[in-house]
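Note that chain A is present in both complexes that follow, paired respectively with chain B and with chain C.
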Partner chain A sequence: MKSRIREFDSSTLNESVRNTIMRDLKAVGKKFMHVLYPRKSNTLLRDWDLWGPLILCVTLALMLQRDSVDSEKDGGPQFAEVFVIVWFGAVTITLNSKLLGGNISFFQSLCVLGYCILPLTVAMLICRLVLLADPGPVNFMVRLFVVIVMFAWSIVASTAFLADSQPPNRRALAVYPVFLFYFVISWMILTFTPQ
Partner chain B sequence: MASADDLTFHEFEEATNLLAETPDAATTSRSDQLTPQGHVAVAVGSGGSYGAEDEVEEESDKAALLQEQQQQQPGFWTFSYYQSFFDVDTSQVLNRIKGSLLPWPGHNFVRHHLRNRPDLYGPFWICATLAFVLAVTGNLTLVLAQRRDPSIHYSPQFHKVTVAGISIYCYAWLVPLALWGFLRWRKGVRERMGPYTFLETVCVYGYSLFVFIPMVVLWLIPVPWLQWLFGALALGLSATGLVFTLWPVVREDTRLVAMVLLSAVVLLHALLAVGCKLYFFQSLPPENVAPPPQITSLPSNIALPPTLPQSMPPS
Partner chain C sequence: VLQHNDDTEDVSLFDAEEETTNRPRKSKIRHPVASFFHLFFRVSAIVVYLLCELLSSSFITCMVTIILLLSCDFWAVKNVTGRLMVGLRWWNHIDEDGKSHWVFESRKESSQENKTVSEAESRIFWLGLIACPVLWVIFAFSALFSFRVKWLAVVIMGVVLQGANLYGYIRCKVGSRKNLTSMATSYFGKQFLRQNTGDDQTS
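After this line comes the complex of A and B, so read on.
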């Protein structure tokens, strides 16, 4: 028994840093794939991690910052505001789901909600690229279409994972806050203007 | 599903009946007690072939069970205490929303719809939705105005989300607190009807804010008199619901106190609606005004002046 524990310790403690990082990165990448092609699988729920949500949230918050750092009072969301909205929004939805009687654990729910921001982060990337062209109604239509499609993708992906944890007569009550959460994030992405 | 529930409930009833009748036999094994009367437990679920006296005993046992359950309510530091406030189904929430949209003189929202089981889901998420919808539609009116008049500087105005959230939540939680406190203070004057609990008051206010959500969305239409009309309609519906709910409680008080309280409630509600309209939907220049609009609408606009110098230099 002791030798087995020592063996386990040495297998992860003595390995190179590259191995450790690659293992975590592969796990995060695998979950990204599960979000992009949502199927009824348990991978996101079984071995949850919060690295993916953190990477996505930081990327989104950095991209939502405007180019000029002017101290306009009525500007776009600051980095901290995006961060707070994403994390406190996810915590509130998780608490709501648990209070309604769902049987999902706290961090599993945070993990799913965080990973399902991936389509909206992709939408943000596309919007920033599209905004490099000249502004106009066509520009806006393209961005609107992309954001709507990614918003629907996020909702479908998160309900595929979260809906089963609620009793059927309360499913709508648990899914509505998720809809509101992704709607607010989509709104922040759509109203982003670089100047 | 319903029949399974009936079966289990009646089985428990029978067990408590047996234990109540023979209290000193409680130490013997339950199977001994139940086997001679085992057919009782199964037969009750299938149709009630027993007489009226069994039903009377069942009713009193039901009341005793409920009382026991209420006495064992968990303390406020446990999670299940808060879980009891989210014990609602989708259909119940929708029913309560419908009840707040259509106030009826006879139907008291608390007694008729809440039935003494207030929930916190409705007030919390209706306030959240209203705050975000206010910020989003306020921003949309700016976008639409910029389409008509390109000289207006557009900005996402994200700080309005914070302002909306704080003001809506403060209104929906502090005003019921004050109202509840005031009603409890005047409790001595009332004989017939006790005051509402704090949560029931919060529930009434929370659900009454629901009608503001479609009103705010309809405020996107840039016709001023139509906006005031929608505002008046929604305010009327919402305030009527509040007044009908509070009237039975306040009726027994002196006429002066009742009138002052009800008019204060309606006035605060009106202040909220008007405040939202003026802050989030600032009067922007109409379509047919050609000269620079900033001069005419300067007094009522808060956001435009700071952006004026920035829209001038080439960016």
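After this line comes the complex of A and C, so read on.
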């Protein structure tokens, strides 16, 4: 451990601020790419960070705002609600996974679950654009299709990373809460109406 | 007059001793930008939280602003100001077996002029680091007991993020002081071993 510290001593303790920023930005960007094209790799798990999940959570919460008439309830509770659902849900899934004996660390699991919200955030964006058109059954079918596709994408991306950390006979037990989590988010996206 | 001479003589002797044994502690601020930003993000997050009703009628704007300020503060303190102002750094490292290690690193005491820790910067750093999480904990209790529950998410985020930095840096500091006494003996021992065996140490 001490020799590793000495290795890092010169590389990260004395690097310039710009290097630090670029290094972190590149790490976040690489993880977004990994979610869009899920492959079996350990990058998402190895260098975890929670910036991506924070950005996605804030974006999703902002897009799920209703334009309300009175400024008294200006969407405050809904904003906090999305935050609480995402983070509390992710923590619960992580605890469940650890209790089942998975060998993934707490923050790694939060990182994967948070980054895999990206497809659903894209779905929310598309839904908001579609809702600018006339409401009707076609509108709803388009949104339903988009949400279902993105929901499947999120599930595939997250299980590609999380399933390996569980013993084979427990995989279904560890994966179904992930299913529930993304289902709740997809439901919030699908039932969203601007007024 | 005799006493005054004695005093000055005593003082100069003391200074000469200090220079050879301890590193010289400067009291000027070497990184003004870093010091400014260290305090700026934390203090403005608290100010926005306290004045949210006056600043903007929209709860969302305030909440997003506070979240952004808290995140910028967390990143800046963890990655930049700790390094520059007090030479400490902490992070998490996952090795090939999938095990996670928390690494707490402190800059070795070197006699180089520009790498020593200045007292003023150290004081600013620790003051900002300790005072703000305490304030956020107070806000948490006040939000809980006055039933302003919609602010609880933001306040808890403030407590968690700033508390994490506080805990990490305290562990860096405590770790470095513990190593100080045994560092000399282990350092020379390792140098000797490295020269003779010439390969990586694992400890």
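To be clear about the criterion, the second predicted complex is superposed on the first by the 165 of 195 C-alpha atoms of A that agree within 3 Å, B and C clash if a C-alpha of one lies under 4 Å from a C-alpha of the other, contacts with A are read in each partner's own complex, and residues count from 1 in each chain.
Everything that follows uses one rule, which is that a contact is a pair of C-beta atoms (placed from the backbone, for glycine too) under 8 Å apart; a residue touches a chain by one contact, two chains touch by 3 or more.
Just so it is clear, the structure is predicted and the values come from calculations on it, not from any experiment.
Shared-chain residue A:Asn19: touches no atom of chain B or chain C.
In the superposition on chain A, A:Gln65 makes contact with chain C only, while chain B stays out of contact range. Within chain A, the residues touched by chain B in the first complex and by chain C in the second are 74-77. Those residues of chain A that touch chain B in the shared complex are 70, 72-78, 81, 96, 98-101, 169-173, 176-177, 180, 183-184, 187-188, 191-193, 195. Against chain A, in their complex, chain C makes its touches with residues 57-60, 63-64, 67, 71, 75, 79-80, 83, 87, 89, 91-94, 98, 100-101, 103, 105, 107-108, 150, 152-154, 186, 190, 200-203. Remark: chain B residues 79, 82-83, 85-91, 93, 121, 125, 128-129, 132, 136, 139, 143, 154-160, 162, 303, 306-307, 310, 315 touch chain A in the complex.
Remark: chain A residues 1-5, 8-9, 12-14, 17, 20, 24, 45-48, 51, 54, 58, 62, 65, 71, 74-77, 79-80, 83-84, 103-105, 107-108, 165 touch chain C in the complex.
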